[in-house]
Amino acid sequence: MLIDEAFQPSDIEHLVDVENATASRQIFCDPGIWRMELQRIFTRTWLFVGHASEIPAAGDYVTRLMGNDPVILVRDAGGQIRVLHNSCTHRGSLVCRGTSGNARGFTCPYHGWVFDNSGAIRATAMDDALYKKHTDYHHFDLKRARVGTYGDLIFATWNDDAISLDDYLGNARWYLDIMFHRTPEGMEVLGAPHRWVSTNNWKLGPMNFGADGPHAVKVHGPITDATFAGGNARQMLRDALIESPSVSMGNGHNGIWTQAPEAFPPFLGWEPALIELFQKTLTPEQLQLMQRAVASVSTIFPNFSWVQGPASFEPATKMPTTFLAIRNWQPIAHDRTEIWNWFLVEKEASETFKEEAKRMGIRTFSAGGTFDQDDAEAWHSIQRGVEGEIGRTLDVSFEMALAYRDRALVDFPGPGTAYPSNYAEVTEFDVLVEWQRYMTGKIDWAR
Amino acid sequence: MLIDEAFQPSDIEHLVDVENATASRQIFCDPGIWRMELQRIFTRTWLFVGHASEIPAAGDYVTRLMGNDPVILVRDAGGQIRVLHNSCTHRGSLVCRGTSGNARGFTCPYHGWVFDNSGAIRATAMDDALYKKHTDYHHFDLKRARVGTYGDLIFATWNDDAISLDDYLGNARWYLDIMFHRTPEGMEVLGAPHRWVSTNNWKLGPMNFGADGPHAVKVHGPITDATFAGGNARQMLRDALIESPSVSMGNGHNGIWTQAPEAFPPFLGWEPALIELFQKTLTPEQLQLMQRAVASVSTIFPNFSWVQGPASFEPATKMPTTFLAIRNWQPIAHDRTEIWNWFLVEKEASETFKEEAKRMGIRTFSAGGTFDQDDAEAWHSIQRGVEGEIGRTLDVSFEMALAYRDRALVDFPGPGTAYPSNYAEVTEFDVLVEWQRYMTGKIDWAR
Amino acid sequence: MLIDEAFQPSDIEHLVDVENATASRQIFCDPGIWRMELQRIFTRTWLFVGHASEIPAAGDYVTRLMGNDPVILVRDAGGQIRVLHNSCTHRGSLVCRGTSGNARGFTCPYHGWVFDNSGAIRATAMDDALYKKHTDYHHFDLKRARVGTYGDLIFATWNDDAISLDDYLGNARWYLDIMFHRTPEGMEVLGAPHRWVSTNNWKLGPMNFGADGPHAVKVHGPITDATFAGGNARQMLRDALIESPSVSMGNGHNGIWTQAPEAFPPFLGWEPALIELFQKTLTPEQLQLMQRAVASVSTIFPNFSWVQGPASFEPATKMPTTFLAIRNWQPIAHDRTEIWNWFLVEKEASETFKEEAKRMGIRTFSAGGTFDQDDAEAWHSIQRGVEGEIGRTLDVSFEMALAYRDRALVDFPGPGTAYPSNYAEVTEFDVLVEWQRYMTGKIDWAR
Amino acid sequence: MNDSEPRVGDADYRAICEFLNDEAELLAERDYPQWLSLLAEDMQYLVPVPEFFEHGTARSVGRGNAYFDDDYPSLKVRSELLSDPTLTTAENPPSLLCYFVSNIRPRRTANADEFTVTSNLLIYRIRASEPTPYLLAGKRHDLLRAVAGGYKLARREIRILQASIQGPNLSFIP
Amino acid sequence: MNDSEPRVGDADYRAICEFLNDEAELLAERDYPQWLSLLAEDMQYLVPVPEFFEHGTARSVGRGNAYFDDDYPSLKVRSELLSDPTLTTAENPPSLLCYFVSNIRPRRTANADEFTVTSNLLIYRIRASEPTPYLLAGKRHDLLRAVAGGYKLARREIRILQASIQGPNLSFIP
Amino acid sequence: MNDSEPRVGDADYRAICEFLNDEAELLAERDYPQWLSLLAEDMQYLVPVPEFFEHGTARSVGRGNAYFDDDYPSLKVRSELLSDPTLTTAENPPSLLCYFVSNIRPRRTANADEFTVTSNLLIYRIRASEPTPYLLAGKRHDLLRAVAGGYKLARREIRILQASIQGPNLSFIP
């Protein structure tokens, strides 16, 4: 019995009340809904699987997850990027158990079938002719996901009917360019991804990064005070969040661009050589949005997000350095999410800058980061708060959206629809509105 | 899909065979039945949540469970006892994560919404006016459970249709008065509740305290021998249990009152000043039942129980002191129960008596208690014994009830129906009979 | 709601594609299918529960599992072998919690009911006459499984309609005789069973032992090189596996008999006195199959297997000694299997041989064994590889069977159908073909 | 913290470490009679219930609570019951115990005969009817009294971390 | 491995063991100001992310990674936040911590004032909102510098084993 | 229990503690060749299977059983396989191991060259393909033989507590 068959679109429809900007807490509590999400969203849409700089040379690979399926992201012998199902076509064993490496191919640990690094079958346990007589030998190739790249960002999907990655990203590309294509060479990862398990439904992450302005003051106020020079950092943060734009980029992609107060210098947290490159590379509109953004936080539906900001742990004496973290929110259970988190930096940055950007990322957005450590506890508290029999009959509120959703900015420099505040809740809620569309079969190529 | 919809009353009806005094072991093994219990019993009936002495002052609070929903039991600024759903009305976070404290209100850890200690919304993350325009602002108050008190015992329910707590307790009040209102000032808790997790279905506890005479000889015989002076304590216990009354108080409330042998002094285990107060406070009928009761053990349906008895760990040289433990059996999974266990004592008792009563409680009825440690292993053994595919097709037996249920005592001093033996199994089974009534929708206010 | 009712035979039928020699990976991933297996297979067929030498004297017992039901295998006071449900007929408690012992009977830890070692009720908590008036007293006997023995191998079933154990084993008896009746006195266990938990669906074990030739080269090649004298052990192993017979014994019983190369002496790994006994005890056909078998690996459906082979950890200086391991694959969850593993030896063997046979078994087929340690990782890798939403839509392949299933050996000395290679996959797949018959109700006595 | 108190001499340092290791062995092996012989008659034995307070502001319920609050006579009763598997349901068969003692930190006290010792304790326990271990962790605060030929344990407080014991019982002496 | 380096004298052996036990106590009890006083100002503090490589052939992604990469100033910021439960969401109420230190192995270095010390660390942690413990295990490689009246911790690397942290946060200093 | 046997001198006490810590490091870091060099050629290595008996009355099945029953040659075979990740499926990539050794209790024996030592061992293991740790706990009973420049391990018995190993394999040397 596929879970799919147990639920009808009509069961799901009412779980998100678009008009009133609320959603049922059931969507965070129900293992059946979680299985359905894996099937209706994660096997059908584009998923981020890694960055090209993780696999620079032919044969380089890293192992990843697409929903709950293990895959290998590998650059094959011909240089083509492949996403291979990490499951032998004989009896299903993982063919690779490492986190990263370089290999000409993958030898299954069980019976030794050999696949090259494009996923093609090269040898079975015995005389291959026996198979060839009875079967199409290449039906034994590792299952390959469809790969799409946007610059060095690598996405994949199992869905042959999916629209192109370009169309899928749509308006978001203008913003992705600010984050990942602001210098001629683009970005590189600073190390293997951090992974940790937050004890909450996976959607809380994409919503929070979709993005949640108000939590920043409550949750991150003290660390903001401690790491920004000046005595009223928290209040300045609040003011900035309230006044800064949030953007619904379309297709469920959402985020915020928090603008620094007047007193702050532009391009805070970058070294001069990089700033020069930005100015040469981006459009004036992009520069306008970026140059005073002390926080850029967004979600690419369903489970890819980024967060960027300047940080210093010696605020009195040391200028901040901007870190950029990107992450996947992996839905490992209805109430457990494995966060995969990478730090990126401009390829052209100085060695000093790269090392400092990495340290600032580690110290802020990570399992032990001074920002993430508190978010995860808040999310845990939500999971514990909603999963009772009474709790799950109630709703979660995005009702601030009722005050904001008709107030789209008319003079915003970027594409999509922008709203005048990081407190608007419109864009956070938009993640669930898109979720509802997938779950009820309203997206024709993802049914 | 609500679990409710998966089962029909007809599926449940046959699980308890009232006529033959047996029940299907399925009721201990099935996660679906457990969810249904949470919905049909725990969200609809009165549940014990704490004792007034735990929150003596305005602002004092403790955190508790009602079924699988977290709640805060708090005395608000006006002195009124409140039971608040511990889940922010914004996105659902716990608003309090401590075990106890004193607070004017609760600030949500996620976006900082503020609720006063009556549960009323006081502030949101931003300009509340925006909400006020679009919504009824006070629909953001924390959800409040309906509170009922019987003396200092605090109960709550989510069910507005529930009969009053007084009617719900009914006959049990006469017995509760013996336990909790036997002195003018009543009882106080001696400390925060013990909590531990027994690895069995939650109903085994209420049944055992409903109450199970025969297990006491087998399970607690050796500790009885070790802590009662004289060489034949176990045999005396057995004789007393066989000859002592068990009481069905109605509404699923059941228990036993084990009468000491002739040789024992009355009011064993209390200091003289307390005994005097008992004699002034209780009726002659209540005193008749209480004065020779060496064990009083009862369950208030569904998951509140008490146990009282005299104990000494130097039986040769030190007179026993009576402890009183009260507890909740929290259904945290179909095969796991979190026991919450408080020790109580008369407010008028001497300091020495209070300390000794607490120690006697700790040493007997607790995770490390010389009585509970063995019960929990027996219940674990039941869970392991019944949950196989063959095991769950079998029944559990209360067939001793067939021999006793027509032998109600005619001269019993208290209300309800009393039976002539703690071995009768009638009252234990009555817990399941009541369970069946809730589960099949036979109780009109709890459907 | 019994799981049984949620699935229809038509849901199961297509999970094994007999014609194309593939099976859906769902059969390894679905908790519902696992419950259904417990009901449709494990409560209905014959299951191995132990060896007579484990309970040599009256009153000797060991505790075991039949599916997920705990049982006691005991020799009663009259010497009869009994398999008793380890669950008190009063409230269901385990009546025995040890791993082995000797007892005249079992006293329930909860209320002290006493059962003799034939399972008959001997005493209840109180005056048994009260029960006798109202019930058939002996309906309180412990539930007894039907017992069948083949030599000293003890099987049991809950199914009164099951065919006799002799009929159930059928052709397999000829092979079982080689393993367990090759000397006049037969075999004895060398110690209590090893138990460990592999993190995979239980069927992978019976399939592997059904038996999987090709994995041996890949997984066990290095340890074979290390423990067999001579430089090309792995290649010799491969050649032998490819050329040796696999046998479908009927009723889902399957295995392989790997024949040593010419260069090896016959009866490798046994002491001369034993070889003499074999020659006196077995038939020429049995001797023909056995004498050069360097590996005998088989599964008796559903979850009993054996593996036998010669081993030495000082190959240069010490001749190998043959160990024999037998095991149950206990289905403790859809993705967890508890392996119970015994070592056996000929009763007539010398003390030195027995000790060495035990050591060779421990060092090869055990949680820390140099063979099993690697199989378990391979099986874990299968479970991780197949359980994603995409993974479970795929198949596992036994398509080598397409090349072999029409090539039955005509001159094979034993009963059943033999195929010319341990690489044939026919016999491995046959385990699943039989599985399908039980699961779809095609076996009339096990419906 | 007793950091201001002087450190003990080398002989006491080693002897106290050995005393605690020997003592742990007696508990782990259920040699309760021998273990009792290491106790002072005025022994106090306490395992408090942890409480969690928000915002750094404590308010305990009632007079606090403990999972164990024992003295010599009550430990003797426990020992007798736990020494004989036929006398408890919980320990028949006996569970298996391993006491991991580390971070031993002895200090002198104002009284030359007495030492305070803190140490960490991790108990790993396997019951016959449950294959997965139960882990109990705590910080021990002991009072040791020097006597002829060794020490006596005069007070022990084990500050365990788990507020809700995640297992059915503590039918042993932690 | 630093086995070829000479072993330390008995006094240092004991003193280093005591230093690490005292230091662990400060971390476990959240006495962060006192703990900071044990650090050298050039302190480096690293907790690398484990990676798993097949066939004995390593290829790290990027420049490697760490769950912690701190220095004295950043440890000071962490300490200040973690010392006051009103300043973090994660530690309000504070989680309870036990640091089990064992296998202490001090070695002399070429520099007479400096010692390398390896030790094992098991942290057992209970959060207010989660009844089950989180266990973090690692192998510590410390550099200790002898100063007047004791030592300073000048470098610490904790090689933890768990690549994917099986919990929501590490809001403490391991 | 070997309490009646005399305690060892201070030098041996420290040296034995260090020997066991150094030895644990070799096992944890998979330096098996070096570890083998610490073994006596007549090494016996045993990890018995725990059994549980009711009512204090033991009846073992057969002749008892062990999860490991090794000698020097078989440990050498294991070491060679475990040293090279291409030679086992289980350890490719290698699992990560931490050996927590505590409660070290050395004793003299009748033979001046030999010491019996009991200690507790907790192994924390992470496999590449499984994020949650496996914990193996046991009580070690070792026989150490003094040789020039140190000791040799001549016998080890690890009394583990878990009757049913709650994991797929023990592909290491505990």
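Letters A, B, C, D, E and F mark the chains in the order given here, with residues in each chain numbered from 1 onward.
Everything that follows uses one rule, which is that a contact is a pair of C-beta atoms (placed from the backbone, for glycine too) under 8 Å apart; a residue touches a chain by one contact, two chains touch by 3 or more.
Given the structure is predicted, the values throughout are model-derived calculations rather than measurements.
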Expressed in steps between touching chains, what is the minimal separation of chain B and chain E? 1
Strictly by the touch rule at the top, which chains does chain A share as contacts with chain D? B, C, E, F
Count the residue numbers both chain D and chain E use at their shared interface, divide by all numbers used there, and answer same if that is over half, different if under half. different
Centre-of-Cα separation between chain C and chain A, whole angstrom: 47
Any idea how many Å lie between the Cα centroids of chain A and chain F? 45
Whole-Å gap between the CA centroids of chain D and chain F: 27
Whole-Å gap between the CA centroids of chain C and chain F: 31
Residue numbers of chain C (touch at least two other chains): 94, 97-99, 109, 197, 218-219, 377-378, 381, 384
For chain D, write out the residues touching at least two other chains, lowest number first. 10, 52-55, 86, 89, 92-93, 100, 102, 122, 128-129, 131, 135, 163-164, 166
Sort out which chains touch which and give me every pair. A-B, A-C, A-E, A-F, B-C, B-D, B-E, C-D, C-F, D-E, D-F, E-F
Give the list of chain D residues in touch with chain B in this complex. 47, 49, 51-55, 57-71, 73-74, 77-78, 80-81, 86-90, 127, 129-130, 163-171, 174
Of chain C, residues touching chain F in the complex: 53-54, 60, 62, 96-103, 188-200, 218-219, 222-223, 226-227, 313-314, 338, 343, 354, 358-359, 362-363, 366-368, 370, 372-381, 384
Would you pull the chain D residues touching chain E in the complex into a rising list? 1, 3, 7, 10, 13, 50, 52-56, 100, 102-105, 118, 120, 122, 135, 137-139, 161-164, 166
Name, in rising order, each residue of chain F that touches chain E in their complex. 10, 14, 18, 21-22, 24-25, 28-29, 31, 84-86, 92-94, 96-102, 122, 124-126, 128, 131-133, 135
Of all residues in chain A, which touch chain C in the complex? 1, 35, 38-39, 42-43, 66-70, 85-95, 97, 108-112, 125-126, 130-131, 133-135, 140, 143, 158
